[in-house]
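In the two complexes below, chain A is the common chain; its partner is chain B in one and chain C in the other.
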Partner chain A sequence: MKKIFADLHLHLNLKEPIATSRIINKTATLGYHLIAVPLPPETQADETAKLQRICREAKIDFAPRIDIKAKRPDDLMQQLRRFRRRFEVVCVVCESKEVARQAAKDRRVDLLNFPSLDARRRFFDRAEAELASNSLAALEIDMKPLLVLEGPARARLLSSLRRETAIAREFHVPIVVSSGATSEMLLRKPRDNAALASLFDLDDWSLAAVSENPKAIVERNRQKLSPNFVAPGIRVIREGNDC
Partner chain B sequence: MKVTPNIICSEFIGTEAKIAQSPNQNYKGITGKVTDETKNTFTILHNGKTKHVIKEAAVFHFTYSDGTTVEIDGKLLTGRPEDRLKKTIKRLW
Partner chain C sequence: MKRSKRRYLALQIDFDGAPTPKEFIDAVWNAVTRLYGEYGASLTSLTLIAYNAENKSAVIRVALATLGMVKAALASITVIGNKEATVHVVAVSGTIKSLNKQLK
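Let's turn to the complex of A and B:
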């Protein structure tokens, strides 16, 4: 069966429609079937519809995503309550240990992102992985810093990524490899990204990280956001006369 | 009819059932009225013959009297009807 490749982290400037459509067309040409674009919380429905239209023209599936940056755990909970049912993919950018722990144990969180390049500020350790394995959160790894950084900084990042992927594999936490691209130059083919992932020892998991894992997240959330969903395993097929 | 997660506690005898999915090829296409229920099986009256279907091995489409059709995974329905009353399913978000 043909693999469906997904890039769940594509930074687009919504104020520049030409550049946006160029990047989306490029992702379609590279072989992606599904993209998720982080949208600001105050995004209007017409802006989302416009993006969806561009994606439809490029024959690519679009999933709205939100990146939550919270300072404290209670702030995170509040934002999750507000945004969970409005976006198909919810990612928490973990900038403090308390927020990272709360995000890992919350079932509403899809992706955990650790943007810091400092190894001490990346909080994906064994405790975090254990919490994430009991919920549904996946570890997101962006390829952009790997492509942009040079020298010792890149070596330090690779070392952190190697440690994190080893922990994730030990605790069976799914890994999602995304581009994190802000321009066309940072886009790579999905199989190229999978090959790059072998730099941090993701050998046999790398194709799943660009295809099955992101696809499963989006499919699960679409099912849950559907009006026919009642509970896991229960779904309305046809509504009766008195509904 | 309002469908809630508590639907698994309701009575299924008398409803129209259809096997929607099953790894067992012999179950495919079984449709009819549920005539009996045990802890692990449903008895369905299919073309005048009774068929015993293992709950765990099928996904059912139940049609209620008002026309509402609900898909329920058989795994959620295991247990005797009187014991299922205690079961709760949480919709986490």
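Let's turn to the complex of A and C:
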């Protein structure tokens, strides 16, 4: 069966429709079938519809995503309550340990992203992985810093990523490899991203990280957000007087 | 001596303009050296087989044992010469004949 490749982290400037359209067309050319674009919480429905139309024209599936940056755990809970049902992919950008822990144990969170390049500010350790393994959260790794950095900074980042992926594998936390691309030149083919992931020893998990894992997240959330969803494994198949 | 196994890679270059073959292969060598060091780069037996400036495509040959290393290094290329660039692997094959067949 043909693999479906996904990039769940594509940074687009919605105010520049030509550039947006160019990047979306490029992702389609590179072989992606599904993309997720982080949208600001105040995004209007017509802006999302416009993006959806561009993606439909490029024959690529689109999933709206939100990146939640919370200062405290209670702030995170509040934002999750507000946005969970409006976005198909919810990512928590973990900038503090408390927020990272709360995000890892919350079943409404899909992705955990650790943007810091400082190894001490990346909070994906064994405790975090254990919490994430009991919920539904996956570890998201962006490829952009790997492409942009050079020398000792890249070596340090690779070292952190190698440690994090080893922990994630030990606790069976799914890993999602995304581009985090802000321009066309930072986009890579899914298999090239998988090759880059071999730099931090993802090897046999790397193809799943660009295909099955992100696809599973979007499918699961689409089912949950569907009006027919009742509970995991239960959905309405028919309703009315003749049931 | 046992003959070493090789792989041929067809590449597509995203570049504003057309880099010279030397600029291109230097960028590939630089990327391999940056990621794996001089010793790692020496194991790759990297050779430029064909280069088409019009189509911005190239064919390189590498040692099979280092195929993964070279693919990662190619994906890490962001600059050729002094301009932004990207290199995509289009096809991989054991012979030039079958590579050409894949590309058709």
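One rule holds in what follows: the second predicted complex is superposed on the first by the 240 of 243 C-alpha atoms of A that agree within 3 Å, B and C clash if a C-alpha of one lies under 4 Å from a C-alpha of the other, contacts with A are read in each partner's own complex, and residues count from 1 in each chain.
Keep in mind that, in the parts below, a contact is a pair of C-beta atoms (placed from the backbone, for glycine too) under 8 Å apart; a residue touches a chain by one contact, two chains touch by 3 or more.
Here the structure is a predicted model, which is why all the values come from computation and not from measurement.
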*Determine, under the contact definition given at the top, whether A:V236 touches first (chain B), second (chain C), both, or neither.*
first
_Touching partner for A:K15 - first (chain B), second (chain C), both, neither_ = neither
*asked:* For A:L30, using the defined touch cut-off, is the partner it touches chain B, chain C, both, or neither? Pick first, second, both or neither.
replied: second
*Now for A:K59: first (chain B), second (chain C), both, or neither, which partner does it touch?*
neither
*Go through the superposed model and pick first if A:V148 touches only chain B, second if only chain C, both, or neither.*
second
*Taking the superposition as given, does A:K2 touch the first partner, chain B, the second, chain C, both, or neither?*
neither
_Looking at A:R191, would you say it contacts chain B, chain C, both, or neither? Reply first, second, both or neither._
second
*When the two structures are overlaid on chain A, which partner does A:R120 contact: first (chain B), second (chain C), both, or neither?*
neither
_With touch defined as at the start, can you tell me which chain A residues reach chain B in the complex?_
84-85, 107-108, 224, 230-243
*Could you please specify the touching residues of chain B with respect to chain A in the complex?*
1-5, 7-8, 61, 64, 66-73, 75-76, 89-93
*Tell me, which parts of chain C touch chain A in their complex?*
14, 34-35, 68, 71-72, 74-76, 78, 84-86, 88-89
*chain C-touching residues of chain A, taken from the complex the two chains share*: 30, 146-148, 150-151, 184-189, 191-193, 195-196, 198-199
